[in-house]
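By written order: A, B, C and D. Residues from 1 in each chain.
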Amino acid sequence: MSLQVSDLRVYYRTLAGDVKALDGVTFSIADKEIMGLAGESGCGKSTLGNSLIRLDGRMKYVGGSVNLDGAEVPIWDDNDMVPFRFREVSVVPQYAMSAMNPTRKIGKMVSELTESRGLRFREIKEELDRRIDLVGLDRDVLKRYPIELSGGMKQRMVMVISTLLDPSLLIADEITSALDVSTQRAVAETLVSFRDHGFVKSMMVITHDISILYQIADSILIMYAGKLAEKAPTGTIIDKPRHPYTQMLVSSLPEVGVRYVNKKLAGIPGSPPSLLDPPTGCRFRARCPFAFSKCLEEPPFVEVDTDHSVACWKVSGPDA
Amino acid sequence: MLSLNKVSKTYKIGTFGGQDLIAVRDVSFDISPGEVVSLIGESGSGKTTVGKMVLKLISISSGSITLDGADVASIRGSAVKPYYRQVQGVFQDPFSSYNPIFKADRVFEMIRSEYFAGMARSEWSDKIDAVLRAVTLDPGQVLNKYPHQLSGGQLQRLLVARALLLDIKVLVADEIISMLDASTRIDVLNLLADLKSRGLGILFITHDLSLGNYISEKTVILRRGEVVEMGATEKVFGRPTHPYTRLLLSSVPQLHKKWATIEAELAAPIGGGKGCLFHDAYPLAGRNPQPGSDEPTLVKIEDDHYVGCFDLDSEKVARVA
Amino acid sequence: MRRYFGRKLFTYLLTFFVAATIDWLIPRFMPGDPVAVLVTKTGVFSPTQAAEMVKYYTNLFGLNQPLPVQYLNFWTSLLHGNLGLSVYGNGTPVFDMIMAAAPYTLALLVPAILLSWWAGNSFGALAARRKWLDNTVLPMGYILTATPYMWLALVLSFTLSFSLRIFPLSGGYGFNLEPTFTWLFFTDLVAHWILPFLSLFLVMFGGWAIGMRNMIIYELESDYSRYLASLGAPQGLIRKYAFRNAMLPQITGLALQLGVIVAGALVTEIVFSYPGLGHLVFAAINNEDYFLLQGIFLFIIIGVLLANFIVDIVYVLVDPRTRVAMRGGTA
Amino acid sequence: MTAIPGTSTDVTPAVDDAGKIPAPAAKRARGELLFFSLRSKKFVISMAVLLFLAFLAIFGPMVDSTDPLAQAGLPMRHPTLDAGNWFGTTYFGDDVFSQFVNGLRASFFVGFLGGGLGALIGMFVGFVAGYRGGWVDEILNMITNVFLVIPTLAVLLVITSYLKARGVMFEAIFIGITSWPWAARAIRAQTFSLRSRDFIDLAKLSGRSGWKVIVFEIAPNMSSYLFLTYILLFGGAILIAASLDFIGLGPTGGMSLGLMMYNSVTWAALQLGIWWWFVPPGVGIIALVGALYVMNVGLDEIFNPKLREM
């Protein structure tokens, strides 16, 4: 077990009160596993990603524990987290396009960064070059400034930097959403190759685009309104989802070949609940066609099949 | 009917208009009433530019756009109002489509003040109710709210409703669902398709082939400002011929087919040995018309299916069709 | 690159042209007849000087010539550095008077600008996001930038010179001294220089400190800072980067401030009756010496334009982005 | 609520998690602003100072009706609480307090008018240049740059020196005419970034004409920013006026804080140690301008959450 997260709670401080963006999630990622994390905007997926590496000013650790390769990860303490960052946990952020200092040559920045983490840049330079080749960049990008690179190039460069120290866990946050389909594919496949080359042990790919996950992820975790809905191997999530939300979500996605005239798809009526004071019980209740009295109680996230967990009374059975 | 005829857009770049930048080159297609035309391309393909030219938000450099035969470019000054009565648009970002400091239904008020100034309040609110019903919105839920109090889906529906206030013939929908959540986007897409029954012509601009394929009758694939392939949707997707079309198809993430599989399928001749005879000559990211070089003309390879590709001369095409 | 500076240079030349034209227009279109004023003043001149005076005057205002010609003459004499004779200086060429005064002003301005910029920026950066420093430095800074230069000068000279008698009250050097290259003269020069310098330095210092403090906070919020932080980079490195980037707008700020700063120097000199241009302006106004005034005006314009150009060059040197953009990188 | 920093269009990430603050955001917006206004020390303090000074400037001259330019007591009187002149008297025995309050009034006037005029010109140029773009922008830009690099005081120097009679009004107008460039530049940049927003296009699609778009769409969107600009111009105008007056180019007749300092210097207040002559005007200006600057930052923090210290 590479990563274990249990009952993690992280809230957002706002004037209106705490937004329970992450309200008790428990899951694990195995070695070599690429786990896709999907859900609608506001479901807490990015909060989950961020909280594993750095809580920003507005985020508040409330409870739960994170365990990486058997070691406790002190996500609540910014300073104690430092040794873990970059070496153990690393991130390719949403904002990869602007993640590099515009006024520093990329190479200089990387060297200053690594030196500041107590490494000799000379010693890792070779590996750095190798990886730059691997992602199909020219080695002299290191002598250039970020604005001299195209969007796709920046994206790839940041991926190389983030994984330079072979972290055990890599968090990739919406990294394909800004890109064109063709580049999208290249970037996604690069992620996989990083795993295959052993640059990263396991990976958490956060995106709103499930079809991307189908292409690259081993397992998919679906979040809804700050809680986990379903986790299963990719194939299962796409073909045999159990949670009503997952089912409706997957069936609402158009794909090449499906046409309005032949097969009219349908979305999910309604919208997610407010996370300021979320409803008790199942949070999908209001939008769920199968909702029944039991749903007023919170459904546990239980394993209903091997590697397949669901939080739904209909699936786990009212007596679960 | 709205028709584009060899429409081009060239930007003068550099402080004193040093060099030219060709954003759109010789694009021609029609939008008939009750028809959805999807304009598919990646960023920089000029798809949005085309949309904006139709909406007269950007001037045309050469070529012409006509609405029911009347030239659009020549419309000036106050004459644009009647035009906008017939041609409207909805844009990608629901949140930037609303002035954040005003209530969302102000978009209706603007229409009222510019087009229905005389109309009685009661009559107006009936009109509003009607259009809101048409886009399946509950007036109580959406009126009198600020943009950030509404969901992306609701905002986009409001904009469609806004367009319906006018008796429009053509609606330009530029990436209108790309920023919506998966669970709600399809409904907006369906709504758009339903508008066809009103005899509305829709220009559906998107980067997502599956969406274009889902909703449209006609597909135009744009690359670097040029049409590389166009025709009836089922033909373009059923028998993708241009290498670039194939590249797109092979990279669009699908739900039940892995990339590798799709690639294999595309590599194999489509439709029982037919299809692009020259695909072998190209790697999927194959050689494509470069701006500047002499352009391949669009060639008809079958009814309602045109391809712009160098080695696609008529004689070979004859063998295909 | 050439294009960029070409544009800048064009702007500056245009500016100078406009300024000079204003300078030429004013005496002609202002109410009240400067001629009369001058005539009354010509009393101070010896006949020959008066003649020359009148000659120059006809050259400049010469109503006997058509305006275009007058305008041309104005430029020719201007380009010959001929700014006319000073009434206040009893007929000394304006040009010479300016040249005599300019060194004092420059000796005040240049160090004051550079030092305050450096000190202010370092201080502001230090203060940002450090509560107690922020709460002490900031209010100080605001009070300083809001302070009229001459008032700080007044207070300083009243306390340190008049009351405590630490520094000489006024002048560029003691009345008893002759400008010589002696240690005595030099020290005396410095003693007279300190207070004017200080009043300029302090006011500017406040401005830079605040500017940098607010600027760097934006930078610390920026994406590249967040990225560094999430890769565990120490605060030191993050601040270093933020500082570098926050510096750039401060350079532009310097260019924008130049005009105001010069004004500050002028009024400061007046307080200390420091023998620089400010003092000259004051005298010129009180003696209605228009030639002198206009001469100084043109001199200041040229100075500020030059300074601006230097700042432009510096900016290009420190901001890689502009350089890249010029090389035509994919921005 | 302001459109100043980070006009990012990528809503999806932005909205994710943090964005979902459901409390009726309209109420939120206003309530939030008020909440932060009162919470912001900078704002509260500076506001208090400004109100106090405004009070002095308005009612001072009414309460103490002594003519600032008439002998109102023994010359060079130290500040005393008894018998009026609590700020003391000048070299001529004029009442410093009445000079002070009248000067203050003049400063407010100059700031209000000069700053206002500067803001108007700056807005006009900035909006037009930013919205129209193209060659209009090129030209306006050139003009702006020219005005930007000309040392305004020098210009004022030459021009005012030729005017025999000058009023506060003239001074204010002149400062207004010369102090707009940086504002124009800033507003242009903002307009430029707003121009590309979809709601601008939507307004056009509603048949709105160019100026309507500027007035009803762009300007309201930048209102907070425009206000901040005005505050800065207000303060700037007061300082410039002070310098002008001090050089001796201030209003002929009438009273201003700069003029007080000018007189104090010309009549050797330094040498005679009449500190109470030149201290009040300076303190007045510092308080006034300082309060404006602090308020500017306070408001900036209120409008722009990014700057709020957590």
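The rule is simple: a residue touches a chain if its C-beta (ideal position, glycine included) is under 8 Å from a C-beta of that chain, and two chains touch if they have at least 3 such contacts.
Only a predicted model underlies this, so the values are computations on that prediction, with no experimental measurement involved.
Enquirer: What is the graph distance from chain B to chain C, where chains are linked when they touch?
Expert: 2
Enquirer: Which two chains have the most C-beta pairs in contact?
Expert: Of all chain pairs, the one joined by the most C-beta contacts is C-D.
Enquirer: Compute the distance, rounded to whole Å, between the mean C-alpha positions of chain A and chain C.
Expert: Inter-chain centre distance comes to 56 Å.
Enquirer: Could you state the distance in Å from the CA-based centre of chain B to that of chain D?
Expert: That gives a centre separation of 49 Å.
Enquirer: Return the distance between the CA-based centres of chain A and chain B, expressed in whole Å.
Expert: So the centre of chain A lies 32 Å away from the centre of chain B.
Enquirer: In chain A, which residues are in touch with two or more of the other chains?
Expert: 41, 95, 208
Enquirer: Among the residues of chain C, pick out those that touch two or more other chains and give their numbers.
Expert: Residues: none.
Enquirer: Please set out, as single numbers or ranges, the residues of chain D touching at least two other chains.
Expert: 12, 15, 19
Enquirer: Using the touch definition up top, name the residues of chain D that touch chain B in the complex.
Expert: So the residues of chain D touching chain B come out as 1, 3, 9, 11-12, 15, 19, 24-26, 29, 138, 197-199, 201-208, 217, 220-221, 223.
Enquirer: Taking the touch rule as given, give the residues of chain A at its contact with chain C in the complex, in rising order.
Expert: It is residues 53-54, 56, 81-87, 90-91, 93, 95, 98-105, 112-113, 116-117, 144-145, 147-150, 158, 161-162 of chain A that touch chain C.
Enquirer: Along chain D, where are the residues that touch chain C in the complex?
Expert: 5, 142, 145-146, 148-155, 157-159, 161-164, 182, 235, 239-240, 242-243, 246-249, 258, 261, 264-265, 270-271, 273, 275, 278-279, 281-282, 285-290, 292-294, 297, 300, 306-307
Enquirer: Using the touch rule from the top, collect the residues of chain B that touch chain D in their complex.
Expert: Its residues touching chain D are 15, 52, 55, 57, 80-81, 84, 88-89, 91-103, 107, 110-111, 114-115, 145-146, 148-149, 152, 159, 179.
Enquirer: Provide the residue numbers of chain C that touch chain D in the complex, in ascending order.
Expert: By the definition above, chain C touches chain D via 11-12, 14-15, 18-19, 22-23, 26-27, 30-32, 34, 139, 142-143, 145-152, 154-155, 157-158, 162-163, 169, 210, 214, 217-218, 221, 255-256, 258-260, 262-264, 266-267, 270-271, 281-282, 284-286, 288, 290, 293-294, 296-297, 300-301, 304-305, 308.
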